[in-house]
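Below, subunit A partners subunit B and then partners subunit C, in two separate complexes.
Our next item is the complex of A and B:
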């Protein structure tokens, strides 16, 4: 475009840059606020501290699982097996807890096992070059089938009270909430500031170019899947310790909710963009919508249709934005 | 053949474009485009990237609806709301990125979307026979029409696409940068085909950046600039310089501003390098401050040689010395660390991370260096990006602009800026100006000379012979994976290079 070089000087102000960089996250946060105010006016009990802690704490595990999923989608892969994985890890953890193993073992093993199981998926994706959607679809079936076969469908009960992490509090705040916030901030800063984090965006944006500058792409893919597995382990701890029993089935559609959180939080399904701040906010948004529907007496079955609509709209907006900003070479 | 059996009324243009405009949202891609295309002429459409050529081509192909203006086919105003209607109006387009089906056969591709029928079923016999006829007409007598398209060379695929266009009895054929992906010899053959079609009365609109081609085959040239029609010239009455100044809107003094640079000692010494069938026993020496041009056809092994030197496909045998020390290059990472940089052939696919800002593109090769303590030092990164941005004269709102929004020339500058951050001693440039408009091309050339002046040893691969000849201190000619000749600047005439490219090896 020689000859038309008078591009306006823009984006110099720190505020402007912040708005541009985190526009999507801000939008999701505003949607949460609007929902809280709107439904709160209709029914003040909705915004009571008690209700809010219940909904946010009860859904914190989704935000934690969505952190790892965000990394996976940023490098332009996908994981459909995370719901099944959380089910399996919950059973492993619960079994350890009731079998008299030290509590810290019951808490640590799922994190390690999550990373180990996902390492298999990662290796198949990175080195055998099987598309991640296929690998993780297979992994999902294996984990689901294996779980039912191993447990025969029995529930784990009589969990020791000191195992129930999700029921504990820190400074009066429920543990899951504290964890979700702390992990989101830590992972968010790490993705933004570390060379490793940056390399994920480079890989998602153009894997070929990333390889050319010396980033070892296959290794990073395996690493991201393992980190994602570890986050699934952390999510398991918050999810499985909410009640006195652990069901030996996987939570239905959990992977869908986790993926949706990432996508609605602004993580482009085409890779290369998005933050965990967005995905965690989107998890909060879902929790709020779910609870709000109850408070305004709308059947909770609408929630899924509503979220489905939201995901389509978000992806459409993403595609439009790409079309607008990326003209061909 | 059924092409142009009924020539249009004498004198009147076969296709007229009257004040066509096109907006995409707030962006005006075309303001007022005008064009008269006569039967039996080759009419070059020229303009820089972003001038609106592709938009106009897409409107004529029925892929975009114009925002205003009129299209006249044989003097009759015609709407082209879809590619099908454009084909029915006799307009066929061979797009730059060939729109073909790799998994289907040649014959199926020629007839894609319009399969001939017989009793409700596809008439395979007719389809194969007709495809063969059409291709024979394009100098592909022995092409097996049952072969899968994906197994053919780019040049062959392009002919299949032309055959498809002719199958619709096109009277207007639009070729969008048809030689961009071809080597010299294939390009020559394509030009012959174009001239043959012209002799049959087809009106041909030819979009290209390559001046020598345009002057070889065009009868007239029309120039677009910033979406506006500027002028039409007869080929015999104009010069390259005039056309360029029409395209750029100002005179461009020199296309290849080669500056004399003192050439220093050897930097890269390659001996007996081999890798697969495409790199055989390559030996050469590259000096400080030298631009060593590599000429060769597409598929001659020139890009493969670059890939071996950069560790994409590590060498099977041979030695590489860099600054006197023997090095092994097993991966791009090793090449980078050793001081070799590679600006790839296809910057969009291999060089640029389009969704990220310019800053992150410039810093990506040196993230480790600017991350003391494991965290990226943002101030250092911003400073480094700003330096690269300024030094290469990238035209953008600033280092924070998204790289994918830049024009081709500026994207290339960003990719070069990225590699300069690694302080390389050897810079390999693969097709550094492919698809870049004239003005930006001269800038890239000036930049390459500057870098050589700073002591960088440069290996430059290019399909454009004039570029290689004008820019290089020495020219290395590659064919069939072997270095066939190394010519000094004085020896490197187009004839000498062409001879070395095509000559059979005497021994073995």
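Our next item is the complex of A and C:
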């Protein structure tokens, strides 16, 4: 799965290798395209500039959050608390913004706070050896309950206009879209090319081997959880600045959507494989499906059933593929 | 005794301390009325937690219990009000639906080979999605009086739930601790390959464990719907957190192989005492959520340290 960088590939071999390595990502991209064309023919308003902006820009924060989740799942861990974390960080950021703190403070604190909060989960997972699923289940309860207890459920309004990052544009493109693309490419290249990034695949694929070649696995686990927290902070900036108000509740099922994006994007839940290109594309696919349901007049209440089915089908396909490669080898 | 049941002893001590502290905090706490009512309130979580103990002891996990409960609750309302089936028939169908939900989890885990965590995360979304899709977020009300009797009535002066819980508790305790089947579950959780080579029916046992988990969730749904006399698609949301907390608090190893029903029962009581005591002391529901999270994490940390010491 980790592509070797030895021989310069030639001609059709390069194409074939690209297809083999990024087959899943291409599949997801094709699915998006098929949906856009199919539903677009049924209802042209689906592919109107306005709706496309809503789909791509409005859900960019999910792609950003899924980048960090991808790293967590690649090292064979999981984080159920990311939705609650984003809710907490949004309230922290919004409170700073309305209390007159400089805007850059309101923008950077969530990123640092995200990393700091997730460091706790990481330490419990890496050093106390508690399964990440239970640690983050507990963290989810603490963050969710703590948020509502602290705020009493009030909303933050009167956000200063210069704080609303998600409403800004770069070269005519909405800021969230630019961020999602830039962060995906940066993180994707980092995971593929840097020694640290590549070590994550080894940790997820074979932790024993990683230890044997001298990688300090527990320290990397904490680092990955912190990086994931920082990405949650970045996602928060895009999420919290979309509207004029910040609700002091956690977005329902956000962790599920983020995890699903990673899984549907080809990140194996068994660790060791998957790219952030896949997870970001899957986040877009997700948003497209959600919007398409509305345009073909299917009640949005069915959305979660679709999500569940998609998770199960993707993981099933992953299991079958693994069985086949094992037999082939 | 102390050596073998150290965790349970410590837990029982904690329960007593919590009871004492809470009864000093509020005069209403240690009254018969309040105690019986708490027993009524904890029945749904407790039923599912008893089944979850088997699941976790077998080395698995079931995150879909809350959604199964939601789906069963919704179907109770829809089958009765929209499809016009007699409520008695519906009450016979719902446990079957719970069984099917559990068996489907088993299918994904055993036949397809998915990790239990991810399979039940998927069905958590799927079952809740079905509940939402089927109900279209409409609630069902107006249940007949006899039905409300299940969840609100009493038998010989004790709430119905206490009787059901008592029977379930004894049944689960005997099965897990004293029968061959219970030991099979423990063996699977301790080492699945070893259980397999010992000739134990690994797959059949795992199917049964997940089926029982689904069944318990459906019974919890019936109790819950009857107690509150309405049906909503978000019923049971977050149930898995309460349940897993109680089981893990009770000393069941999250890695499987070890756990007792007594432990789970004590874990359930401790959580309920804390919840009730805090609410009587004026702490809002969300504050107790924080506490449950903290208790869960601290228990796990303590358990991890104890285990490390034993290994050394």
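As a convention for this text, the second predicted complex is superposed on the first by the 314 of 329 C-alpha atoms of A that agree within 3 Å, B and C clash if a C-alpha of one lies under 4 Å from a C-alpha of the other, contacts with A are read in each partner's own complex, and residues count from 1 in each chain.
In this section, contacts are C-beta pairs under 8 Å (C-beta built on N, C-alpha and C of every residue); 3 or more make two chains touch, one makes a residue touch a chain.
Please read all numbers here as calculations on a predicted model, not as lab measurements.
Visitor: Quick check for you: in the superposed arrangement, does A:205 touch first (subunit B), second (subunit C), both or neither?
Guide: Once the two structures are laid over each other on A, A:205 reaches subunit B alone.
Visitor: Which partner does A:194 contact after superposing on A: first (subunit B), second (subunit C), both, neither?
Guide: A:194 contacts subunit B only, not subunit C.
Visitor: Check whether A:256 is in contact with subunit B, with subunit C, with both or with neither, and answer first, second, both or neither.
Guide: The answer is second: A:256 touches subunit C but not subunit B.
Visitor: Touch test for A:213: subunit B only (first), subunit C only (second), both, or neither?
Guide: In the superposition, A:213 contacts subunit B only.
Visitor: After lining up the shared chain so the two structures overlap, which partner does A:99 touch, if you call subunit B first and subunit C second: first, second, both or neither?
Guide: It touches nothing on subunit B or subunit C.
Visitor: Could you tell me if A:48 is touching subunit B, subunit C, both of them or neither one (first, second, both, neither)?
Guide: neither
Visitor: By the touch definition at the top of the document, which applies to A:157: first (subunit B), second (subunit C), both, or neither?
Guide: Neither partner.
Visitor: Touching A:244 in the superposition: subunit B (first), subunit C (second), both, neither?
Guide: neither
Visitor: Does the superposition put A:169 against subunit B (first), subunit C (second), both, or neither?
Guide: neither
Visitor: Based on the A-chain superposition described above, do subunit B and subunit C contact any of the same residues on subunit A, and if so which?
Guide: Touching subunit B and subunit C on subunit A: no residues.
Visitor: Of all residues in subunit A, which touch subunit B in the complex?
Guide: 1-5, 7-12, 17, 193-195, 198-199, 201-202, 204-206, 208-216, 268, 272-273, 322, 324-329
Visitor: What part of subunit A is in contact with subunit C in the complex they form?
Guide: Going through subunit A, the ones touching subunit C are 78, 124, 128-131, 133-135, 137-149, 253, 256, 259-260, 263, 269-270, 299, 301-309, 311-312, 315-316, 319, 323.
Visitor: Enumerate the contact residues on subunit B facing subunit A in the complex.
Guide: For this pair, the touching residues of subunit B are 25, 48-50, 225-226, 248-250, 310, 312, 331-333, 336-337, 342, 344, 347-356, 360, 364-365, 367-368, 371, 374-376, 378, 395-398, 400-402, 404-405, 407-411, 418, 435, 437, 439-440.
Visitor: In the complex, go through subunit C and note every residue touching subunit A.
Guide: For this pair, the touching residues of subunit C are 61, 108, 112-115, 117-119, 121-130, 132-133, 135-137, 233, 240-241, 244-245, 248, 254-255, 284, 286-294, 296-297, 300-301, 304-305.
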